[in-house]
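Paired with subunit B in one complex and with subunit C in the other, subunit A is shared by the two complexes that follow.
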Partner chain A sequence: MDFLALTIAGILSAGAPLVLATLGETLTERAGVINLSLDGTVLLAAMTGFAVALISGNPWWGLVGSVGVGVATASILALVGPVLGRSQLAVGFILTLFCRDLAYFLGHPYARKFGPELPVWSIPGIRNLPFIGPIIGYQSPVVYLSLALTFFFWWWLFSTRSGLELRAVGEEPWAAFARGIKVQRLRIVYTLIGGALVGLAGGAFSLAVKPGWGRPQGAEGAGWIALAIVIFGGWHPLRGALGAYLFATLQVLGIYLQELFPGLPAVLFQVAPFPVMILTLLLVNMGRTGWFKDLAFRYPGLKRWLIRWQVTAPAALGLDFRPEKET
Partner chain B sequence: MHVEFQDIHKYYGRVRANEGIDLTLEPGRIYGLLGENGAGKSTLMRMLAGHIEPTRGRILFDGKPSRGFNPSRALALGVGMLYQDPLDFPALKVWENFRLGGTKRDRRDTLSRLQKLADRFHFRLSPEEKVGELTVGERQQLELLRLLDLGAKVLILDEPTTGISVKQKEMLFTTMRQLARDKGRTIVFVTHKLAEVEELCQEVIVLRRGKLTAKLPAPFRPDELIKLMFGAKQEEPEEDQHRHNLVEENFIQLEQVQLLGEKYTLRDVSLGIRPGEILGLAGLEGNGQELLLRGLAGLVRVMKGRLIFDGEEFQGRPYLEFRRSGIHFLPAARLEHGLFPDLSLNEHFRLAFPPHNGGRHKLSPEEGMKAFSIQAKLSTSARALSGGNQQRLLLALIPRQIRLLLLEHPTRGLDHGSGQQVWSHLRERCRQSTALVFSSADLDEIKDNSHRVLIFYNRRLIADRPTFSISVEEMGRLMAGEGRAV
Partner chain C sequence: MLPAARLGLSLGRLAASLFLSLVFTTLILLIAGAPPIDTFIILFAGGLGSVAKLAQTMSVWIPLVLCSSALLLAFAPGLWNIGIEGQIILGAIFATGFLRPFAEGGSPLILVGALLAGMIGGSLWAYIAGVLKTWGRVHEIFGGLGLNFVALGLTLWLIFGPWRRPGVASMSGTEPLHPSLWLQEFKGLSLNPVSLALALVAIGLVIYLLRSTRWGLSLKAVGQNPDAALLFGLKPNKRILESMLACGALAGLAGALQVVGVYHRLLPAISSNYGYTALLVTMLASFRPQLIPPICFFFALLNVGSIQLPLQLKLDSSLSGVIQGVLVLSVFLVHGLEGRFRLGRKKE
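Let's turn to the complex of A and B:
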């Protein structure tokens, strides 16, 4: 029982940075902007967070530094993409590579050093409960933050007027413009907010989940996975978080399986979550294929079950919007 | 509200969309804005709605000029526009669409306000449904309610009757009359259909080639309006033989075909098509015509039944095989699905008729342009063409020898003259024994041009009749689910 609880606690912790990055990208893409720089941003933010924490001696300042890096990268993207109308994809890619190398280069002096970490919070009243206690009774603040933000943005996106405007901008910017919604401003704002969350994810790695800095840090690839999870999650905060936890579960399972099958190469278990994610993505999107339609035609029950998993991207995702240019 | 256009000019590069327009609109009146395609109707109205700015001149609202004009500013002043293609959010729910850009209210207030407005006009809209699932007519109704909720004093309706049923149209007209008479709203009704202007409007404004040619009060004289719209007198449509030569055998046979679309299934379609025959598909949008056209084109899966083409079973075969066998489909979304918006006309011709093709289908771009009277340069991109030119280009790109031509709304958005031109070309093709299946929202077009009429209702093919045996009125009744199908 305790073993199960500790495993779940481990999943929540390992999944926290992924959840934050996924939420950030979900918001950005809901506004119609693709931020491909996730992977590099996470690393640079992780490095900066750790370095700031080490120099200032305060991990909270480190977290602020991480968020700063996320916002800074996103502002470059916002400038080139929504403001100047150039390719978001190209600049995102370049930022990924640039940020990653910059992180390794600038982070060299801080590599393999012992630095401050975020404290573990223990919640009175909950920590002593059986089973629940070990799961969420004492965790890093980033875990609580990731859980809280998941529900917050879910509510924000689907129950508030601002959330409705955000979705409108990502779906039909022209119609949104005609209704007096400030399309460009919203796109820029949500790119920056998304960037802040991605930066936070970097800090969550280097200050809590995988403390310290080095090459590799352990956060490599997390940004790409988060990008995939956004699609898997159908641009929905709850489903996105679920996808992130699923990935974390696979990673944790990999560690256990490795102990069970010592004969198999360790790499197999480290890599296994990635193809499993690809398979999941395929499963989620197969409703559009012809053979699936045939199958669903024969077994209508199957269709009803899978239709809930059907996802469609925001209609204007990645498209440029210029109010002065007529369609 | 009193609106005054003062010497409005709008240029796009060298194209003069509007030139020197002076016009006054009074409250409580319904105006018809008439003109052929490309006459500058939409441009003028989009300036009024704040979507584009005039190159020169100004618009006064109750005597005051507007500065830094944009759509939300226009709405605040009380100008609301209902666009030809609804400018809404298909992925969002009805009530969310209603809420966006509207008065600040919570969910419950939004819902009750929407319900109240809908009840007033006897519209039936379910608030939780996604707008993408609605018909064009319902989407218009929703937009209309939204504009009224915002207190629009000037309502612009850009071709609102395309894609809605006769019943919906009558409802819309009643609503318009109510609004003008009881609430003192100014209504501008943009159209190229004379009959609708006669039915609804108290005054007509005619544009021709960007210039204002007339502003006349009712009653109108149709022949005079036509002269004002087109300049010269239009030739009458040529009479075509409605009875088709029945000797020839069916070359296409559908046997209890079931077609699976994105949103619904069309069941039990059985019919045959003879060479040179013209079939008109009538029905309200979303009742099966789209699916049948796409099924014949090989774009939709045949779930059951047999689709026989020249004695061979074609169901389940890939689209390219359909195409190779001489089946050609022109979708309603001409620019999006039929052409490459950013490629030039020359490039379109080269793609359609590659020079190495043994010279058999060879058609030089210049010849094509001339034969189909496409009014543009070869270097123009398809995006820049008018609707009529786009359709003529599409027709020009079809290979000479094809067996079956499928057309979705072949003359939608085209003016009378262009429409006649398209049809005289199509009839010529049929004389060379190409069979033709087309859908149209215009029942007169079906009556005038087809040998057989297929009528769809409730997502089923309910009637297959020779055109000479059915009147337009009867078609309308069957489409609306009234009367007995045969």
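Let's turn to the complex of A and C:
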């Protein structure tokens, strides 16, 4: 029982940065902008967070630094992409490589050093409960933040006026424009907010989940996984968070399996998330292929099963919106 | 526009982009507490300083040109072949695997087989990403990227598992090839004529294919408008798979050449990130083939020059990647600003 509770606690902790990055990218893509720079941004934010914490002696300042890096990267993307009309995918990809190398370059003096970590919060009243206590009674603040933000953005996206506007901007920018919504401004705002969350994810890695900085840090590839989870989660905060915990579960299971079967090569567990990533994307996209539609026609049961997984991207995702061109 | 005016505009853009990158790079160096001028001197002297260093720069130029030409073929039908990194690795793995039975050495003709094996390996990896896209609708960015990590895992598994060196398995790679299976280098230089020739042939071939053949034209048609291409009977999915196969073959060749021409063994870092760097090169060239060789030379120069940084200034060698990224971002920024400026003028 305790073992199970500790495992779930481990999954919540390992999943926290993934959840934060997934939420951020979900918001950005809901507004119609693809921020492909996640993998590099997470690393640069992780390095900055750790370095700032080390220099200031305060992990909270480190977290602020991480968020700053996320916003800065997102603002470059917003400027060159949506504002100046260059390819979002191209700029995002360049930023990925650039931020990763910049993190290794600037982080060189801070590699493999001990630094401050975020404290573990213990929640009075909950920490003593049986089973629940070990799960969410004492966790890092980033874990509570990731849980709270998941539900907050779920509510906010589907139950508030501004959430509706955000979805309109990503689905029907022209209709939104005609209704007087400032499409371009909202896109920039949500790119920046998304970037802030991605930066937070970086800080969550280096200040809580995988404390410290080095080359490799251990967060490499996490950004790409988060990008895939956004698709798997169908651009829905709850389903996205679920996807993030699925990958965190894999990670935790990997640690156990490694102890159970020491003969298996360790690389297997490092690489495993990526074929799973491809398979999950296959699962949610398969429904739209011709061969699958034929198959579903013959076996209707198949369709009913898969329809639950199928996702549709925001209609204007990745498309430029420039009303001035029309005039 | 007059040709002279157009040239002036291009030069102006280039100057503005270079100036911006210089400013950004200097800023980054100052943040890192490094002396900017000394750093630049080391960077350029490290790759240009002597004939030997120039040869080393050219030996990096070769895989970059091969991969950039490969990417031109993938970008023509609009494919983001980020999986090129894994395709290089698979080329290296296949070439090494082909050469393993010849531990006692043999005729240089065996090397032809090794290079072909590498091309097959690269194609195979690219084909998987292509099929995932055409048959499974998994975007090639995710398919390719996932396969990159799998390829890296495969290399590590081979080096520490079935292909480990007798005695100690280590990050230094597999047992070196028999010297008779090394590509002959120019005397005293770390550069071999076969690789150089193959890179030149590759870029020439790609330019010819894209400019002067029906196949190249149909690839571009698929990239411009897949729906129209379908109506014209150009079979977009088939073209996509073909372009992936061709791209993977060139990337695999680059990987195989790293094995037989440079490292003479399989290493965990055999691809040296050249695939990702080549993606930057191709974007910086705005997909214009004639710009590929000079840009590759400049990027190779930065890569080779940065090797000296940890020794002389205690800086991380990833600075080359930082400068390359800054350069491409600056070019995008300048182009974007120019477009914005034009749009603003038209309105008035």
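By definition in this document, the second predicted complex is superposed on the first by the 313 of 327 C-alpha atoms of A that agree within 3 Å, B and C clash if a C-alpha of one lies under 4 Å from a C-alpha of the other, contacts with A are read in each partner's own complex, and residues count from 1 in each chain.
Basically, a contact is a pair of C-beta atoms (placed from the backbone, for glycine too) under 8 Å apart; a residue touches a chain by one contact, two chains touch by 3 or more.
Only a predicted model underlies this, so the values are computations on that prediction, with no experimental measurement involved.
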item	value
Superposed partners subunit B and subunit C on subunit A - clash or fit	fit
Partner chain(s) touched by A:Phe105 [first = subunit B, second = subunit C, both, neither]	second
First, second, both or neither for A:Glu259, with subunit B first and subunit C second	neither
A:Ile76 touches, of subunit B and subunit C: first, second, both or neither?	second
Which of subunit B and subunit C A:Leu97 touches, first, second, both or neither	second
Which of subunit B and subunit C A:Ala228 touches, first, second, both or neither	second
Residue contacts with subunit A in the superposition, subunit B compared against subunit C	C
First (subunit B), second (subunit C), both or neither touched by A:Leu282	second
Partner chain(s) touched by A:Leu84 [first = subunit B, second = subunit C, both, neither]	second
Subunit B versus subunit C as contact partner of A:Val271, first or second or both or neither	second
Subunit C versus subunit B - closest C-alpha approach in the superposed model, Å	5
Contact footprint of subunit A on subunit C as seen in their complex	28, 31-32, 80, 82, 132, 135-139, 141-143, 145-147, 149-150, 152-153, 156-157, 160-161, 276, 279-280, 283, 314-316, 318-322, 324-326, 328-329, 332-333, 335-337, 339-340, 343, 347
Subunit B residues touching subunit A - in the complex, by the definition given at the top	51-52, 70-72, 75-76, 87-92, 96, 99-102, 104, 107, 260, 301, 303
For the subunit A and subunit B complex, residues of the former touching the latter	159, 161, 164-165, 167-168, 171-172, 174-181, 290, 293-294, 297, 312, 314-315, 323, 326
Residue ranges of subunit A in contact with subunit C within the complex	36, 76, 79-80, 83-86, 89-91, 93-95, 97-98, 100-102, 104-108, 215, 221, 224, 227-228, 231, 265, 267-268, 270-271, 274-275, 277-278, 281-282, 285-286, 288-289, 291, 324-325, 327
